[in-house]
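Each of the next two complexes has subunit A plus one more chain, namely subunit B in the first and subunit C in the second.
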Partner chain A sequence: MGDPVTQTIHRDPALFYWILFPISIVMILTGILRHYATILLQTTPKKLSLPALREQRQLLHGINLRTNYSAISASSFTARKNYMVAAYKNGDFLKDPENRGKPAGNPMTDPAAMEGMMGMMKGNMAMMIPQTLIMSWINAFFAGFVIMKLPFPLTLRFKSMLQSGIATHDLDVRWVSSLSWYFLNLFGLQSVFIFILGDDNAANQMAQQMQQMNPGGAGAMFQPGQDPDKVFRNEAENLEVVEHEYVLQGVEERVLALP
Partner chain B sequence: MPTERELAISPIVQESVQHNTRVVSNIRSLTASLFGVASGILGLESYAGFAFYLIGTFFVSVLIWAFLAKGKQGEYFQGPLSELWAGDVLGGGMSFVLTWTLFYGLVRA
Partner chain C sequence: MMSFNSSLRQSNSEALSLSQQTAQYLQKHASTGTSIIPIPFIYHPESTEIWLMYEKLLLSCLRTGDDKAAHLCLEKLIDRFGATNERVMGLRGLYQEAVAKDDAALERILREYDEVLAGDPVNTPVAKRRIALLRSLSRTTDAIDALTELLESSPTDIEAWTELSDLYISQSLLPQAVFCLEEVLLVAPSAWNIHARLGEVLYISATNGNDNVDGKTLAEAMRRFCRSIELCDDYLRGYYGLKLTSDRLLSAFPDDSKATGQIVPAENGELPMPSTTTVRKLNEKATSKLAEITRRAMDQGYNYAEVIAAKELLDKSTQTRQR
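== the complex of A and B ==
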């Protein structure tokens, strides 16, 4: 009893060709397949009517004014600000002015919001189904034996997860079954996907969790359930609060100070 | 954080920031896979392997700093310590472990 005995198991090299590589290749291919399937399944953005579109764009207009005010002179900014604030308060841009003051529509009844939620669910499904399928395939075909030795040691808790088919006490945790190769691939292939599919590909697991699909495209600002009138009033208040500073003020000194 | 006035005069363009981050990320994942191959072939075990990865990544960061950022890291990154030196080390670590395990098993037979 001194040093722990290094456990070696002699393995047929053909194991690698028949197990490791096929699992990796299958995972890469399903990742690519999932990426293209997500692109094909995306619903085309719905065409909005003119009043609805005007409502969203005018809100963007106000936000842009608030963010980039330093690029225009003070008088120009004040003129625009007065127009926008008056228009917001009057509700000139509202899609249907008769609905002012009423609570916003239920997301279940609003068809546009439904499509947004369906899109998100489709994205999640496209993510989970291939993973479940591959896991069950691996468990069916590749269970019951250890495939390789991990170069680094792990604690005993991982033994049940990584050595799923083998019921021994003494086998080192470093000997793992093919399911753990699947997990390793799952995490390690994400950077490979970024390489071959470009950025924001659908096979990227991390990006999936931060994604949101919106039927109106990138310009849609109204979340389902928000009252546009209130949003406009908030924007009007934000605009009034802005302290304007012109970026070209003092530009003479800056230009003359350049080497 | 620069003042609002300084931001108006020399704005921080989101696209450029993303491009810089993406370049660093690509370099890191590629070199991480290669370090994994080297580590597997050399037959490095647990701590030695991870130390090899960290030293290698540090060396690659020095190269990025010297050649790509030309020494002026403040001009290219908003928070150079967390973006240039420590950026995407964990994601690269995953690729490293993948190729390390693969080649360790292949070569050791």
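== the complex of A and C ==
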């Protein structure tokens, strides 16, 4: 077999100027716009009240004790454990002790949870709307154009990725269709946005989705609709079964073994 | 150019060099955050580091007495985050305390803090500033009260626990200080400096200034120092403490034959006394290590005062041995 026949498609250079550049520029501009739109739409996270803060931190305290108990001596550990288990079981740290034992309310009626959901909605909207608009814009105007040829060969698997919108079997994988160029831009512009907007920008939707997957921070201790009393009771049980070990046990030998 | 270490770990010279660079830095980043919508390519893109740097510069300038530059940094931060931002409020309070002329001015600032906290009890930076101010007004018991209140609502705050232990030590309430340091270890179990600190407090409470030492506590202190050495190679403070405690143990219990060789954990989980041979070995190791460290300390960034103290300890022990 000889060299595969190189396909040549004579393209109007105008394709290059009127499709490739516009799509890239529009993508960058929407990214920047999205960044500022998200900033404008952002509501400052609502501050926790003192009892709520206390509830979370005291739970965290128990978890810390359970994970790092080996740092303190057995007597110190037992004293802390007894105190905390009793307090957890009594519900001393609860935000609203009178609600204890009642079934948790519907998360939809909880204003704090509602606010979080609204924030998420807004974020989603800021991503969805421009994306749909640009998709339909490209579909309406530029569907079916082959706009560039990649300077390196690719395997057949990339065909569906690079040539969406063009239904041809024989076309070399190196040709890129306009719709695919849009997708490449969608996923590949993050470094450009970092360059323009700084590190923690909201321009790229992928990063945003990642953020929404794990909304870290203080709010993650209790999921909405979870009964804090139950969480505390669980933690008390976990604490009760901890078998104490002391890290200072045999530390002299370990130090003597050091070089 | 500049290190992004925690400002608490800076040495004096570092703080000085940092604060000397302030003017330069301010000029370079003069454009940051000035316009509401920064135009890309012309202005520096905003990033979290820049603002952390401003905060660090502010602290360094205050340490080195460059109040003017500190004020510039503070203004930048206020411009960007607003005067009602908690962290900015804390920094602003710090600046005001630094430039306050006399105790009356400090009292005025204290009243301001009280007002802020009455409106917003969750404002931790201001609450902490208030405690620090109470301490510098030498109202230690008030500071301790305020700290325990703060820790009641956020018992995982390492900074507060360490401060509280410090306050307790200043009141020579050593068991309480030990408790606080243990709390710190529960959050950060491999903080070697806290292990060593705990060892120091235990050592003080074991010897307590007189000759009849509490062997159990002293052994515990020694083990704490061992742990700190295990966590951090060539840790000067750790070896110093190890030498001090093992010396003390050897002189107090010259050879207790009953503890030799048997390592049986006593009931209720307490650790047994270490055998004399182990202590002696540890003592020898600490001595040789200290000698080694002091020999090559100058070019390795050890704290000068600590090295001198270590040398003194070594000299003293060789003298006693010769006698």
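Heads up, the rule we're going with is that the second predicted complex is superposed on the first by the 180 of 259 C-alpha atoms of A that agree within 3 Å, B and C clash if a C-alpha of one lies under 4 Å from a C-alpha of the other, contacts with A are read in each partner's own complex, and residues count from 1 in each chain.
Operating definition for what follows: contacts are C-beta pairs under 8 Å (C-beta built on N, C-alpha and C of every residue); 3 or more make two chains touch, one makes a residue touch a chain.
These figures come from a predicted structure and were not determined experimentally.
Peer 1: Check the residue A:247 against both partner chains and state whether it touches subunit B (first), subunit C (second), both, or neither.
Peer 2: Touch partners of A:247: subunit B and subunit C.
Peer 1: Going by the contact rule stated at the top, is it subunit B or subunit C that touches a larger number of residues on subunit A?
Peer 2: Of subunit B and subunit C, C contacts more residues of subunit A.
Peer 1: One more residue to check, A:71. First (subunit B), second (subunit C), both or neither?
Peer 2: Both subunit B and subunit C are touched by A:71.
Peer 1: Who does A:197 touch here: subunit B (first), subunit C (second), both, or neither?
Peer 2: In the superposition, A:197 touches subunit C alone.
Peer 1: Touch test for A:57: subunit B only (first), subunit C only (second), both, or neither?
Peer 2: second
Peer 1: In the superposed arrangement, does A:23 touch subunit B (first), subunit C (second), both or neither?
Peer 2: In the superposition, A:23 touches no partner, neither subunit B nor subunit C.
Peer 1: Between subunit B (first) and subunit C (second), which, if any, makes contact with A:256: first, second, both or neither?
Peer 2: second
Peer 1: One more residue to check, A:49. First (subunit B), second (subunit C), both or neither?
Peer 2: A:49 contacts subunit C only, not subunit B.
Peer 1: Taking the two structures together, which residues of subunit A meet both subunit B and subunit C?
Peer 2: Shared contact residues on subunit A (touching subunit B in one complex, subunit C in the other): 70-71, 195, 199, 247, 254.
Peer 1: Quick check on the complex: what are the subunit A residues that touch subunit B?
Peer 2: Against subunit B, the touching part of subunit A is residues 11, 13, 16, 20, 70-71, 147-153, 181, 184-185, 187-192, 194-195, 199, 245, 247, 254.
Peer 1: Inside the complex, what are the residues of subunit B that reach subunit A?
Peer 2: 4-5, 8-9, 22, 25-26, 29-30, 32-33, 39-40, 44-47, 49-50, 91-92, 94-95, 97-102, 104-106, 108-109
Peer 1: Considering only the defined contacts, which subunit A positions touch subunit C in the complex?
Peer 2: Those in contact with subunit C are residues 32, 36, 47-50, 53-54, 57-58, 60-61, 64-65, 68-76, 195-200, 244, 246-249, 251-256, 258.
Peer 1: In their shared complex, at which residues does subunit C touch subunit A?
Peer 2: It comes out as residues 37, 40-41, 45-48, 121-122, 152-157, 179, 182, 185-187, 189, 220, 222-224, 226-227, 229-230, 233, 242, 265, 268-271, 274, 278-279, 281-282, 285.
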